[in-house]
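You will see two complexes here that share subunit A, one where it goes with subunit B and one where it goes with subunit C.
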Partner chain A sequence: MSENHHHDKPGNSRRSILSWFTGAALAGSAAISALANLVFLKPRATYGQPSRYSIGKPDDFPSGTRISLDSRRVCVVREGQKLAVISTICTHLGCTVGVSDTGFACPCHGSRYDQDGNVVGGPAPKSLAWYKVSLAPNGDLEVDTNLPVDQGTYYNL
Partner chain B sequence: MSDLQVQDPPASAPKGGLVTALTAFPRNVWDSIFRHPLPDSDLGASQTSFSNFFLHIHPVKVHRNTLRPLYTMGLGVMSFAIFLLLTITGILLMFYYVPSTTQAYDRMLDLRGSVAFGTVLRNLHRWSAHAMVAVVFLHMCRVFLTGSYKRPREFNWVIGCVLLLLTLFASFTGYLLPWDQLAFWAITVGTSIAGYAPLVGKKIQFLLLGDQAVGQEALLRFYVLHVVVLPALITLLVAIHFWRIRKDGGLSRPAEADLQPDGKPLQVQIVQGNASGKQTFGLMGFVRGPFTKVGNTPDNSVYAWPNLLMAELFVFVVTVAALLLVSLFFNAPLEEPVNVLHPPNPAKAPWYFLGLQELVSYSAFWGGVGVPGIEVALLMLVPFIDRKVSGVGKWFAKERFLANTLFVTFALLNVIFIIIGTFFRGPNWAFVSPF
Partner chain C sequence: MKLALAIASAIILIVHGLVFYDQFFHKWERHQTAYFDQARTQARNDAERAELSDRSPKIEQIIVTQFGDNRVDRCTTCHLAIDDPRFKDHFQPLKTHPYSAALGDVQRNGRWERRHKFTDFGCTVCHDGQGRGLETEYAHGNDEHWNDPLTGYVTQANWRKEFKTHLVGKEYMEANCAQCHTEENFPGTPHVNRGRELFFRTNCYGCHKIEGLSEGTLAPELSEAGHKFKIDYLWESIVDPRANLATSFMPKFNLSDEDVKCLVVFLKSRRGVNFAETSLARYRTRMSPAKAEITPEAVLNKAVPKAADLVSQGKQLFEDRACTACHKLGEKDGGIAPDLSFEGKLKDEEWLRDHFRTPRSRVPDSIMPAFRFSDSDFAALTAYLASQQAGAKLADGAEIFKTLCSRCHGDKGDGQGKTAYYLDPAPRDLTKRAFMNSKPDDRFIKSITDGVPGTSMPAWGKTLSDEQVHAVLGYVRTTFVKEPQRNLKAHANVPDANPTPTSKASVANGEATFLKRCAGCHGLKGDGKGPNSLDIVPRPRNLRNRWFVTTLNDRRALESILYGVQGTAMPSWIDYGLTVKDAADLLNYIRSLNPPPAPAPAAGKTIATAGTSPRGTE
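So, the complex of A and B:
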């Protein structure tokens, strides 16, 4: 008993070092397991919409068009030979904004945007995103929602 | 008292033999399940409480103050009763529900149209969820306004705050499951609010949804959270919450409640031990607090069986009856099936989130993350900020005027925001008059 007592003194034996290592190993294992579970829960592939898609031929959108493509949650704007695709996802909390004569309006919390997507009222913190437009080899217009562009960046047909 | 664990053999113990075994069979089976007959004495009441799995969560005796209906208003037991009701109705609903975007809404219609008692079960589950949010909140108000969060009950208050948050989250995840318009847009808004949290917001949002937008993955994730993860967490925390009530010395009560009829404080007798100077304590002397005592001095406690048990049963029955009545006469809302292209205008969350939605309409970060985060942090820190031990166990104690005023203001502000969001907001969240 007395010998054990001697070894139990803190900082005075292999035992305290081993205890420390064991504790660190257990805590480390728990942390790694927790991290692995988080990684597991984060999907690598999603089943939702692709970020790059075709919206049709340029002729589908005559000059002066402001059409909301509801299923893609974007608005296609064409003025003369210039074309742009503006997101209709409200920057506030993700509702779909409606296209109105003066711009865009959100039904959820009353954010309002002008025709270029600048905030003119309501709680929205930033203007609507503009997405990169390009012409695919088959003549279709292609939108990439992973590539936002500066406001006012039109695609010249 | 030393033979509490030992079962005295019945006086007329059968003496073997097949016939006696057969005639005594029902009795023997009964006795093997229930260790004690219904109590007819104080000792019997104690032994019944000790030896029954469901009763041993109770102390043998409780303070009279615990049983004053106007002190607790039974809100804690009521919350638990509603939670039990939600668990049972929820498990039943699971037999008919499919967490699939193409089937969930049809299953709701089936519940209403072709499942026996389907409508009333869904009503009961939905209204109970609403009731649980309200009752848990009122329970918190009771605990605050009677100063019951103070030492040694600080940590149980914190657990209670976490339980309130879990109740809200369980309710929130349940909202998505019918896959109607309310479900879809409430979850779109709610998860976007999570996205405003600093640094990890977008990651949390993606983890919750399992995708870039609300869809099949989100429905499945919310379903698992709603039927497994959150109920399991709530059950665990409720168990700790109950256990700590006893370990923290029972329900709070005013200091006067422990005085003897002669006006003197209760004396716990400590028996002086042997000559070595070490003290020997009676077994019950180890139980903390001035409440459990040794000796024959009169005290202010009553047996849990039947006093506490009957009080709990009363609250339980009234709660279930009230919710059943509501569910028979009012149908749970079910909106149009999801239309991802057209949010309803205005798109409103359930009433208990409308205060949050009202705040969010001013500023997404401050309304959705900043203010609620500060509120929750302050609530949990309350017992560690307010350390004075005066005014415990009394509603609206004079000594606690400042704390109570602050809390009532906080609670009223939340209620006012909920009322504004519910009645004063119309299309595009513009101000409308309900009159």
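So, the complex of A and C:
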């Protein structure tokens, strides 16, 4: 209403209300369009594998094992009732690291990690990521690669 | 002016708002929010609750890469709870996918474990529909142009009302089970198994080809029927073959609804594609020659329980194999192929046997497929047909004509009976006076009594007395020809027997004349399919019809060549400068096209019917 100045003739006042209204409506349309275009820029879905997926029942991973799931590029570590999922994507150039006796070893450039994924050698700049694990209602373990957790955060079965 | 502008801008704002709302606020978001809310109330601890609060609605998708060609299914965007057993009594879309031992799911420690995990197989592999769709209409395939709507759950608006109720049910999904479970008797797909058996038992395989199963050539190939057609089209085509193609000559099989359903499920399973295979694997399979086949023999030989004696076994087979879908026997009439009610009197067993094995060995232009029955089945069918000895009690010519002749020659005698379309040569048009009055009665009596070999005209003399034959001819003359017969004079210059003995020179001369004068209609091969033949009714005679040509007497052949056949397109060649000698050479050539058959096969191959033969002495 700030643009609605007082005028002598009543017709002028009505005119200015109408132009104000027209301007506001057009500006609103433009804003909605702009917003729509902005939302549109971010894809709603891509053809990558979903970040949240099931890796099977807890019984599939006996205590004391370190099982590498190649199709998902993660390693499932279980110790007693504690379970964690560690990424096997090398932080150097993205090769899939192998599970070795001392931890993880990358075949591409020789990066080496310890059991918890800390770098112990080679060109890797960062330690391996740990992902959040949860139990789905149907009893499956679910991993969400969008939710990294701190090293040493185990899921208690 | 300003007012108009203001109103226009208001409208623009509203439209923009609506489009934005439509594009960015989705039903599936509401479904997901509802799921999160309800799951939160059922959560066992705070951690779970917190985790659910973290989740916000987003497009969920299953991307299948390890099973056949890649597949993207976003069904879980709405059906978020399919793997959450707490929602088993919820309404759709938030309902748990049922667990079923029949699908291979197993229960372990009180928890079900799926055999077909959604993340491994996706959804559309079993359910069809459109995996990428995010709105009910798109995803479920309600649209009439979408070929594979949600199987067993969706019937599209343009489907015929009579069938719609039949096209709903989980059993239709068996068609998709059978994509991968191709074993012949897989217990999970009873409808497909029964449909496959019916495909053989009702003789579909005789006409239709399905890769790996049958080699019929008469009807459209069905190897990829499930890929090309919707279930309503399949159902309609089986129940009412002419609904989609007015010229179809597929018989109506009068199957029960349950049997039709089995056939539809079986045909829907013929997609020409195994879902479990990638395109590359499919290509390799197609290239490798040796492939396990299910042969008709393998299915048929165990399909029918063997009865005590040959005749009743034949009867059982006759009914089981839907013979009356084409043929007539007693009350049942398929309206396509000849009446078999008097077959035992009209044909001998040798004829029947030969005709079963290779129909074209006896009627060279027959459209009957060669069915792959076992020798013992053929023997039983032969015995059964040979037992059809009932002579008809027929009072007068009119009744005889109506009972025996009108099915082919038509009620009006115009050669347009209901089977006429399928017979080659076509039944004679008895109303054509030019023809009927140019031939002596003896000729017609002979045709009725002895039949016309190599055609579908049987030897009625075997079931009718001479008086009856004369009576029916009299009926034809008075009812259809309606014109007194002219005084026929035999042509004096036509010899009774071929005056020129056959020789290489004579045959060569005959061939030269044939190619010059006759091939235009009778065809270069003499098979009656020359370039002009399509415009001519009745069609030119097939001169490679061995049975016809060998029983044709010299006089009739020479007369037809020299003086033409009245009422047909065959001209009087003597007017075009052909001499008796030329005609004789032509006849020698035509006879040389039909050499006597090769000696009969070894005795071991003949069917043992002795002793059980029901054929009486006449």
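Criterion: the second predicted complex is superposed on the first by the 113 of 157 C-alpha atoms of A that agree within 3 Å, B and C clash if a C-alpha of one lies under 4 Å from a C-alpha of the other, contacts with A are read in each partner's own complex, and residues count from 1 in each chain.
As a convention for this text, a contact is a pair of C-beta atoms (placed from the backbone, for glycine too) under 8 Å apart; a residue touches a chain by one contact, two chains touch by 3 or more.
This is a predicted model, so every value here is computed, not measured.
In the superposition on chain A, contact is made by A:Ala105 with subunit B only, not with subunit C. Once the two complexes are laid over each other on the shared chain, residue contacts for A:Ser71 go to subunit B and to subunit C alike. Residue contacts after overlaying the shared chain place A:Ser19 against subunit C, while subunit B stays out of touching range.
When both complexes are overlaid on chain A, the residue A:Pro125 reaches subunit B alone and has no touch with subunit C. Looking at the shared chain after the overlay, A:Ala36 reaches subunit C, while subunit B stays out of its contact range.
Contacts of A:Gly94 after superposition: subunit B is touched, whereas subunit C is not reached. Residue contacts after overlaying the shared chain place A:Tyr47 against subunit B and subunit C alike. When the two complexes are overlaid on their common chain A, residue A:Asn146 makes contact with neither subunit B nor subunit C. Set side by side, subunit B and subunit C differ in how many residues of subunit A they touch, and the one touching more is C.
Overlaid on A, the two complexes show subunit B and subunit C touching the same residues of subunit A, namely 47-49, 71.
Considering their complex, residues 185, 188-189, 191-193, 195, 206-207, 210-213, 215-217, 340-347, 357, 360-365, 367-368, 427-430 of subunit B touch subunit A.
On subunit C, the positions that touch subunit A within their shared complex are 2-3, 5-6, 9-10, 12-13, 16-17, 19-20, 23-24, 39, 47-48, 51, 58-63, 65-66, 72, 74, 83-86, 111-113, 117, 119.
Across the complex, subunit C is touched by residues 15, 18-19, 21-22, 25-26, 28-29, 32-33, 35-36, 39, 44-45, 47-50, 53-54, 57, 71, 134, 136-140 of subunit A. Every residue of subunit A that touches subunit B in the complex is listed here, in rising order: 38, 41-43, 46-49, 70-71, 92-96, 105-110, 122-123, 125.
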